[in-house]
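Structures incoming, each one as structure tokens.
Same chain, two partners: subunit A is paired with subunit B first, then with subunit C.
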Partner chain A sequence: MTNLRTRYRRSALSAAAVGALTLLAGCAKDAPQDTFQPAGENAREINNLQRPPFMIAGVVLVIVIGVVFLCVIKFRDRGQVIPKQTHGKPALEIALTIIPALILIGIGIPTVKTLFDLAKTSDTQCVVNVTGQQWWWEYDYPVQPGCLPGGITQPIVTANQMVIPAGQHVLLRITSRDVIHSFWIPKLNGKRDAVPGRVHTLRMQADQPGMYLGQCTEFCGLSHAYMRMEAVALDAPGFSAWVTNQLAAYTPPPAGTPAADGEAVFLANCSRCHQVNGIAGSDGKPVIARPDLWVYSGATPNLTNLMTRTTFAGASFDLLTPDCRAKLVDAKSADFTALYLKGVEANCLDAVQLREWLRNPPGKKPMYTDATKLGPTNGKTRGMPNLGLSENQIDQIIAYLAERK
Partner chain B sequence: MAIVERPVTPALARGGPSTPALVTPSSALGVFRRPVSSTGWRSWVFTVDHKKIGIMYGVVAFSFFIVGGVEALMIRLQLAMPNGKILSANAYNQMFTMHATTMIFLFVMPTAAAFSNYLVPLQIGARDVAFPRLNAFGFWCFLFGGVFLNTAWFLGGASDTGWFAYAPNTSVAFSPSHGVDFWALGLLITGIASLSGAINLIVTVLNMRAPGMSLMKMPIFTWMVLVVQFLLLFAIPVITVALFLLIFQRDFGAAFFSVDKGADPLLWQHLFWIFGHPEVYILVLPSFGIVSEVLPVFSRKPLFGYKFVVFAGAAIGFLGWGVWAHHMFASGLGPVSVAVFSVATMAIALPTGVKIVNWTMTLWGGKLRFTTAMMFAIGLILEFTIGGLSGVLHSVSPSDTQQTDTYFVVAHLHYVLFGGAVFGLFAGFYYWWPKVFGKMLSERLGKWNFWLMVLGMNMTFGPMHILGLQGQPRRMQIWTNARAGDGFFNGAFWNLVATIGSFILALGIFMFILNVFRTTRKGAAAPGDPWDARSLEWMTTSPPQEHNFDTIPHVHALDDFFHRKYEEDEETGEITQVSNYEEIMHELHDKADKQFHMPSPSYWPVVLALGLPIIAYGVIFNRLLAVFGAAIVMFAIFGWSLEPSVADESDYEPPSDDESTKELATIG
Partner chain C sequence: MFTTGSKLFIGASALALAGTLIYSATQDSGAIGTLGLVSATIVLVFLMGINFWVRDSNVSSMDTPGIVACSAAHPAPGRSMWPMVAGLGSALVPVGLIVGKTITWIAVIVLMIATVEWMVQSWSERASSDAAYNAGIRKRILHPMELPVLGAIGLGMMIFSFSRIMLHLPSAAGAIVFGGIAATVLLFGALIAAKRQVGRSLVATLCAIGAVGLIGAGVASAVAGGRHIAKHELAQRTDSVDNCTGNESEADSHSSRAIAGKANLAGLIVLQGDKLYAEVIGINGRQDTLTLPRSTDSFFEFKNLDSGKHRLVADLGHEVVDPGTDKERKVPLILCTQAVGEGGKQFIVIKPPRPTSADQQYFFEVPGIDSKLKIEVP
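Here is the complex of A and B:
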């Protein structure tokens, strides 16, 4: 009897410990990719589904540990006689098979239900095409009636930061231009692989405006660790403003400024790969980038409105200084949209990161750019090569890019 | 003049013809004399004795364990701090690829092969395996394949695509070094080892059991090995096909995985995981077999629910084929496939759970002796339970889309493969060491070994649960403070703990190596039956003679050795000792067979295996070299085919007529 009671007390204690740990998990602060802190309905559905099995697993573990320790203490060799050679008790075996089977059925039914719920696409309000490549993400917004009142009337192409309207059911259509990547914003939904030649869908919905971080989770070669993503949810008017700004006409820098010199340097060095919508050459004709001639995956980030996003190079580095970045990430959801729409302001621009990048990109982020080793890719690089820019040129390019918003 | 144990043919046993003055081994293919030595290096290189082959498997596999362990420590050093600087991205990617490849293919699988080779014939009362030369060939394929794989480090870099090698990241454009070629060709060669071993052991178990040993009286380790061999028999061909496709893709311009030519890269994932999931059971079932031997011996009780454990093992063997796509829940298979594989994955938890219940119930009511082997076995129950439970969590597929490819999976798989497979192997090392080497490993060092490994493994892999749930993806060369979070679950803290843990784990394994060295140099001689064991392998000398048993025992019960030593009162269940090891051995010795039919050593297995890496180097560097390698292979196949399985009588001096040396012969 006492034995039973101690056993009961012990398992109760352990269950309490498991509960406390789970509670602690719930309180963890500022873990941007915590899988137990959903911020949208899909992730919440997953979270509701996964919590009970985690608890059950904890309890089962405690029971197994308890019973094994009990055996170890109780049945230690103290010189007792050799025990009866019992070969098993089929009734007990069957019971101990049926109980876990019932638990698994209890877990299995909601699993299958949630699975089909999460695969629904019928309630889509907004579509974003997501394309992975070594080692960054491109987001393009096709012309569509959804996303905002009046719809999106011109396609938008952007990179590294995916801007979505908060509250809406966004459907991502995910693919890849080279190897397999995986798109993952833990607070908004689970992962979905980006497979070349296939388009996979993934639902996204964010309850509140804010920034939700993620990371490529399918190993995709050399710079896999530097392939990150940031999902930015804006309130409805904010999203409309963002779309309007993305579609605004090109504003060339005023002549005679460093930015104007920067435009020339950009045209000479960058625009063969990087598109800036509306930029024109000295002959007045629009300049169209041809990244497919230089880069194996065939695309490079569109830089039209670089300073409306706060990160670059696969979201590996910030355009914002750490202070400004912290202010934005920690902003209350009510203030977030306005703050984000300001873009990277002059006093917030972290030119050091950008300068280091322009000086030697493969030195800052591992990439395949060594000209002697590009045989298998027909001389095309995977990533951005060192362009050998002078410090002066770098300053001018930064002056030019700082106005792109 | 050496004394050797040797095949005695009927003619020789009768006294034979007059003694030839000089021994002249018969020739093979008219060129080489057949090897006959049973001492010196030749006795190892040309051996076909399953015990010597088992020991060689063990030694080589453990060496690879050290290599894989150093790779693991490098990985943990790199990840100890944010923005690690120890390894470049390129080196890091090679390191984790080779860590997994080495541990799986070159450590756990061949160590399991070491135990199976050594113990299965002994456990079933046989004198060798069914195809002794094939057995030797398997070992040499493993050794040469493993060495070939690792030479990639010095020839332009090892594979950098992960052990799962997802297409199209493995094509030349994305992995331009020869690493993937080395990886694929090396695994093809070691695959031959697994496949030939599987056929060999299946035939051995099904045909060569001692009289009276029905399948349901077979020791549980042999049962689990049998299940594993069937898994290998069907899984290895799948990965072989996949690797062939990959090699043709890379080296001969094929387009099996080229999206731009209309291929679907998911083909590779299906092929890989149809092999890869049964592979998990291939890795862990031998250890389940080991602890199912160790727990009863040190609990002084039979395995609880032997039949249930056997059927659970077989059930895992079947269900293991229906769960591969749970590695692909994020791959975009669509909800119907995912639902099917989710449910199948939940189902496979049941037979696995049955084993845990049966092991625990074996302890219950026992008379437990906490030897190091027993501690590792109990450790396995607990550590594997953690890995098993996190596995069930993965079967909840929507939840898995959050956890897959994070450190949570790394934690899970290491609790299964380290807490499960490796703990079982260590239990086996301590339990069977006296059998194999005739010396007792130090229990004191053993306890250090065990506790440091338990502490180290939980410190290393335990925090990875936290890191994964906090969103740290795996296979990343660096992690940053920006995404590490704060408070109790701060990633920086737990990454550091994991790194410290990995060094404690390494120290634990060092204790084992130390133990082996000290035991070899001055260990106490082991008594014949040090653990009061239950199964046939203990019913012979330690280490066993080449022919294993003086006379093949007749088996009457499961745990036959135990039942020869003890009698159970039918009514009270009281156990009384009626005999002991010495008496039983005397009895067996008195009935010793007059002649043993034993296979003779051979050159051909090692020569044939040597041709394979030469072909592989040829595929990578120069096709002419491949032709040369192929010529060696053809030559060896002919030599092998024409060689009789037993050497000519004239290769040996006949034994004297003196009864005492009836199984001995001398050669000059």
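Here is the complex of A and C:
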């Protein structure tokens, strides 16, 4: 008997501990992808909408569970006579129909209003095209009068980190090049599917400069889990500086340096797929990448200003060392823009990750690159294949890329 | 001495024998007929012998165990459709072997079902002397198999019928017809619910009429075929603007693709007052430059607000054909819509394979109009 009681007590304690831990996990202050910690007006609207129903649902849950337990304990079988059974209680049934209906109407009205608010495009101040493909995100900034006081006069293309001006109403036009993906940065808004051939819009606004993390939320193949995204909000002068830097003319590395050797290696091995704007071949003509001939999605990340962003390969790996990354992510809003605009400095470059990637990309992130299995894609890869680079070539490429900012 | 059953078979055997003799004597080329009649005679004689031997299962009144065990002492078996179904399956097997595999498989499945059902029914009818109990155990065994299968077949028939009717009716009529059906179902439901006592036979009759009507209409629609769906003309690929041909057709405004196109627009391109401009979601005002992602389908609607017929042309530079081979060459990548009159619309889907550069510029233009929209592909 004592053993049984001890066992019950242990089970109850274990269940209570698990419940408490689950509850505590929901209170984490530093959860980077927490929809309950909105950092922009759109996410805040969603949060304001979802909290009251959660509370009502919580109260209903407690009442239902309480009544169930009460019935189980109070009316348990003690051998008593079964009470007279009755059928139908119109007043109760009407009440139990009307109360949920009223609750649903109460939830439905603000839900519809929020849906319309979140679909609004008329107050857009800045437009970014977002294109998903296996397994990274491309962001391009069309020529437009918005984003900056003078507008954007030349298109910009970047990858993995979407830079936006803090405080502005940014409209994302989301699509896909291959399969269905889904774009979600929980602190800034809800999710939106990226569907080939369709353009879906999503409002985005960040109150303060900072970094906001997200994750592809539609299973999209082998490396779905490695398809992340980061929204980087900069203050207005910082965003202007970022745009100016993105549109700056190409600076070739000084002759005779490892970076210059790296440029040659890049031209020979990487430029058929990866674009670096302004790079020229030995004949002096601009080199235009043709990923559409080699890659199933038809696109690869533009590497013109690789070191102005802090991640690579679908935002799965850091270009920054863990210390530098932590310093950036944890920076106060007022300090964030200046820190981010420094890009990846030499003392912060995590060359180990980049070296591992260049040595064998499919080994670091699963991708469909086995030449013998590419029949369905007509010989085109889904992701970056192993180029068989030597260690010397890898060092030279890293030296070259380290200057791309 | 001879029982009734024996007399019947004796007479039938004699008739068959007489028929055989007469037929074989009078018909010159009747070998098969004679063979059939001989076979019938043999079978009837055989049955006559069996019947004679068992004396119609007569049991002596002195044979007490025999009285209890004889078939006549058992309750008569209930009606069963399974022999008929089994016969149908058996007949379908040779038909299927001649016509095709599908019928054979159907016949085999029918045979298997009939065998199982017949076996269980026969077994249950002998399980006890209580007919109600026997019926109960039959249900207990077979209902878990019968109900899901019958439910699936019923649902399949309903889905098939609905889909055929919807495909057959004009798109506008479909909404009206199915709205009417839904309203009728609701009306009958309300009437039945309002009545205190409703006869089961009435409900069953209404349901049966509805089911027969639905399946009948479905089969008739399937036989009549689906409605004609006009196919929207796609933008025409050519190597020169001069080769653009084609005019707006009825399909341009009545195809399902038009709806899909409208739902996916990357932008609207308008020709008005000899000027070409674009309207893009999120960017206010008329645009003279469009920025599009590379290697991605972008849908545009072209609207001609000028008088005269005009078409939109997308000039996407050149495309390399057969890269890396001896046949590698550059071919112009030009797409043009049908020519449409004032107020006409056309859809165009473009997928620029390469980014724009100083020596590779892309444009939207209208032949004969001195106005271009620049396409930027970063």
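Structure notes:
FYI, the second predicted complex is superposed on the first by the 377 of 405 C-alpha atoms of A that agree within 3 Å, B and C clash if a C-alpha of one lies under 4 Å from a C-alpha of the other, contacts with A are read in each partner's own complex, and residues count from 1 in each chain.
Heads up, the rule we're going with is that a contact is a pair of C-beta atoms (placed from the backbone, for glycine too) under 8 Å apart; a residue touches a chain by one contact, two chains touch by 3 or more.
Note that the structure is predicted; figures quoted are calculated from it, not measured.
Taken together in the superposed arrangement on subunit A, subunit B and subunit C clash. Once the two complexes are laid over each other on the shared chain, residue contacts for A:P291 go to subunit C alone; subunit B is not touched. In the superposed pair of complexes, A:A31 makes contact with subunit B only, with no contact to subunit C. Contacts of A:G375 after superposition on the shared chain: subunit B is touched, whereas subunit C is not.
Shared-chain residue A:G146: touches subunit C; no touch with subunit B.
Touch criterion met: A:T121 reaches subunit C, while subunit B stays clear of it. Of the two partner chains, subunit B is the only one that A:G108 touches; subunit C does not reach it. Once the two complexes are overlaid on the shared chain, A:E41 sits clear of subunit B and of subunit C alike. Counting the residues of subunit A touched by each of subunit B and subunit C gives the higher count for B. Within the superposed three-chain model, A:S223 lies in touch with subunit B and out of touch with subunit C [touch as defined at top]. In the superposition on chain A, A:R198 makes contact with both subunit B and subunit C. Residues common to the contacts of subunit A with subunit B and with subunit C across the two structures: 196-198. Across the interface of their complex, subunit A is touched by residues 88-90, 93, 160-162, 166, 168-169, 172-176, 259, 263-266, 299-302, 304-308, 330-332, 334-335, 338-339, 342-343, 346-347, 349-350, 353-354, 356-358, 360-361, 363-370, 378, 381-382, 385-386, 389-390, 392-393, 395-406, 468-479, 482-489, 491, 566, 568, 573-575 of subunit B.
Those residues of subunit C whose C-beta lies close enough to touch subunit A in the complex are 263-266, 280-285, 289-299, 320, 323, 349, 353-355, 357-360, 376-378.
By the touch criterion stated above, subunit A contacts subunit B in their complex at residues 24-25, 27-36, 43, 45-46, 49-50, 53-54, 57, 60-61, 64-65, 67-68, 71-72, 75-77, 80-90, 92-93, 96-97, 100-101, 104, 107-108, 111-112, 114-116, 118-119, 134, 174, 178-180, 182, 184, 186, 189-193, 195-198, 200, 213, 215-226, 296, 366, 368, 373, 375-377, 382.
Residues of subunit A that touch subunit C in their complex: 121, 124, 127, 129, 131, 138, 140-146, 154-157, 171, 173, 175-177, 196-199, 201, 275, 286, 288, 290-293, 297-299, 302.
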